[in-house]
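Read through the structures below before going on.
After this come two complexes, each holding chain A, first together with chain B and then together with chain C.
Moving on, here comes the complex of A and B:
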């Protein structure tokens, strides 16, 4: 595998706060996921990669060259930041073209490639409308289009699925996979395992600014499966529900809430549990008030890995 | 493990190098042109131009026909003459419009980018904070120069073309205006533009930036005049950038100045004002660039 991004002991601190601590990784073409809870250092890593921040320590290279203030390298990078970044008065088309021009493209080239990027992001129909009139999903797509308008070889997508509806999310997954298959280096960050799982098997786990694990996502998934997944359920008859569930082989243990209206289930196979639950509810007419899975946000896996 | 297609794609975009700031300026001008208020302001800015254009054409046409009654009256009374004073009056008339233009374009210039987190998109492109700053400054300066220096030079050329007989004399007497008028226009626009950018960089609200811009300009002039009057030292009024610009207008266009005042103060004050405002703005943008 050829390496496009090479990070060796990269650290960045703000005063006494260490945002990224001795980050080392080698990232090649294809899609790579950066997973971590909020504050793990994902956005800092992206800002270091896009030369918005200078590493306090360490060596960060792309295509073998240092990134900091290297404008030839920056032309080959696309960045889709997290959060709201728009001119409300401009149309989506104007926004994408204007930012494509900032990468050094001539006007005609910028228009041509922006139209292509907008089409890939699925925004052709609404591209001449003001951004102010866009839904959150549309804004996200426009932001994605601006990041790939200049046909960069490396793309950094910071939580690109935030705010997307299921259809847009599916299309975005598809687009990210396609970009990876084209030979581009796509680095996608998220704090949701499911999102990353849909686009790649290569992941880097970040926690508290440190690389916690790196490798195939299936290994992470195995860790999750070894580490029982907890599901909290609020229902009218928790003891009866527990009785119905106890015979299932994937259930490891159960706990009742102190007030008696809640049940916490630990399972080795969350998919099997979620498949079975609706049938149980319908058969015995349980009144379910709330279902929550604290493990969904990876925090439990991180805690487990840190231990 | 998936095997990805490895292809070499040469970079086809041209190198901008010195012109990297241009897309930012163009984008900002486009945004300014979407505002109805700004369009109205531009129309209003055409008014002095149209009045003076009428004046220049009338005088030139009448003076080319001295036998006519109007030509004779003009020749005898010399109510209006095309000279340095007329150009100076035009440029002075444009000062409030320049300030309004800077206020309109400049107040949302940087604060909108900060509020909308656009700096992180800009600085992920091959742009430096210098490119960003120069692009924004060019956008604020464009319209003020368009409504001051451009018409003034046009009037000058128009007069030369319409009075070929006396054009050599006029050029010999007032040829320096071709240089001093754009310089004076720059001196009018630059302090307002840099102040507008500074106010915009220090706030995340366009309204707050606009109000602070007006307050600083007003307070600066009022305070300098007050101190100058109290201490009875006329030179102190040049602490006001408005007074300094006026003084520079006298020196550059009319080549005259009250002898008891030390006019180079005006240059120092304008230069210091612009450097401080630009420096603080640049520092603020740079701080966002590296510290966000």
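Moving on, here comes the complex of A and C:
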């Protein structure tokens, strides 16, 4: 196995703000997670890798070549940015095909490979609907499809699980694992350990622009067990949901929102919690508005590592 | 500080850069990517709200000859040919073509930044100059189509409402005006696109240039008019009313006559071509070297 991404003391600063500080890593084929709280430098690293930014210092290479304005390298890279980046008036299909054509593919090839990517992302049924009418999960999937459409060898997925419902999340985990097994280099960022844990055991921990740790996720998991994982849920009957969850041994504590339409759960076993939640929702017909996992718990691990 | 939780063995670095499975970047790739950008930019322009407003503004002049025919008393004769020539020169070349450029070309890149879709394009193997050329081509195609449609409608309206004779001579005028309008679309579009790459307020810069500097320079004696786009466009016109007026006024003011610079058609055409090439090259250079994701908020 050889290195596809080689970063040596890469730093990037914006005026006096240091976004990435002497970042060094060697990333090979398979899935690698970049884990860190908001503002850790994950997006900056991705922007450096996708030729949107130049390093202020250090050496960043892919396939042995520098990245900035290197279109040969960019042809081999797929990027799924975070945030809301869409042409709202386009349909999902038009969006993916248009961006595939911008990689230099001939029209017929772009259509063929876009259809394949859309199918892999599970969006075939809704691909002719306007993006403006998509749910957040569908938007994420179509964004994922555009990153795969030109069959890149390296994929950068910036927070790809944000806003996905549990089923879509499961499918996305599956897809990312498959891409890794196919021999592609997949770099996934998240601020939620559970998400990374589901796709890979290789992880790079970032905080304040510095690499805190690099290696196997299980050892980080051991650290995090001392710090319960928190999950915020917005639903129609938070007290009933709390009642159903309270007997589970992995639940440490619960807090209700001040406005009464949500609760925050602290668990020692997020996997068990996320496995159980869909059944509970279906059995008692809870209306779930939003599920989010704040990064406070991860921050605690970072603080522990810094000490 | 780095804490190695586990020390994996270092991965071997490839000794030689891995050869790309794709073909080398070449002119064909440039053309393919630029045309892909052009086609989807055209799609975006035609489905945007801005195009509906602009279409109304551009097509409105076609009503003018009918309005004149209706409002002017019967005993006053209106020369349809004069109305057509004046509206082409002062309304289209002087006002609407620059307005169209300000409306569309200043937002070609700005809209991508505003809607945060720029990373999707910048992370593609898309030469940034192809991005600039593709966007400019889309704008030129859309604006030229609108203005030429409007010109033909105004011509038709002058024939129908103001009884302008439909002769070969006027048909030639129509064709020549269309060429001047396309030249204006290109030149002002390139200026507005370049303005959008070098300043955060391209609309302000373009308005100052078009409706401030150009208007002032055109009536000033001497060389300032050489630093406008309008002077070269008017030099291309088959019959410039402005030039007639200017030459008449120079008879009164000798020093104006001395310093008045006549621009020939050939020189005007070459200069406009150079202006467009230079402005597009400038835009490409700026876009190629600019880091659009560079802000502390984007960490």
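Just so we're on the same page, the second predicted complex is superposed on the first by the 234 of 307 C-alpha atoms of A that agree within 3 Å, B and C clash if a C-alpha of one lies under 4 Å from a C-alpha of the other, contacts with A are read in each partner's own complex, and residues count from 1 in each chain.
Please note the rule applied: contacts are C-beta pairs under 8 Å (C-beta built on N, C-alpha and C of every residue); 3 or more make two chains touch, one makes a residue touch a chain.
Quick caveat: nothing in here was measured; it's all calculated off a predicted structure.
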| item | value |
| --- | --- |
| Joint occupancy of chain A by chain B and chain C, clash or fit | clash |
| Partner chain(s) touched by A:30 [first = chain B, second = chain C, both, neither] | first |
| Contacts of A:109 with chain B and chain C, given as first, second, both or neither | first |
| Touched partner set for A:6, first chain B, second chain C, both or neither | second |
| Chain B versus chain C as contact partner of A:19, first or second or both or neither | second |
| Touched partner set for A:269, first chain B, second chain C, both or neither | neither |
| Touching partner for A:85 - first (chain B), second (chain C), both, neither | both |
| Partner chain(s) touched by A:215 [first = chain B, second = chain C, both, neither] | second |
| Per-residue contact with chain A, leading partner among chain C and chain B | C |
| First, second, both or neither for A:52, with chain B first and chain C second | both |
| Contacts of A:77 with chain B and chain C, given as first, second, both or neither | both |
| Chain B and chain C footprints on chain A, overlapping residues | 2, 14, 47, 50-54, 69, 71-72, 74-77, 79, 81, 83-90, 94, 98-99, 101-106, 146 |
| In the complex with chain A, residue positions of chain B that touch it | 2, 4-7, 9, 11-16, 20, 23-24, 26-27, 30-31, 34, 112, 116-118, 120-128, 289-292 |
| Residue numbers on chain C that touch chain A, as the complex places them | 1-8, 10-14, 16-18, 20, 22, 24-25, 29, 32-33, 36-37, 39-40, 43-44, 47-48, 115-117, 119-128, 288, 291-296, 298-299 |
| Touching residues on chain A, where the partner in the complex is chain C | 1-3, 6, 14-15, 17, 19, 24, 26, 28, 39-41, 43-44, 47, 50-54, 63-65, 69, 71-77, 79, 81, 83-90, 94, 98-99, 101-106, 146, 209-216, 219-220, 305-306 |
| Of all residues in chain A, those that touch chain B in their complex | 2, 14, 29-30, 47, 50-54, 69, 71-72, 74-77, 79, 81, 83-90, 94, 98-99, 101-106, 109, 146, 150-151, 153, 156, 180-183 |
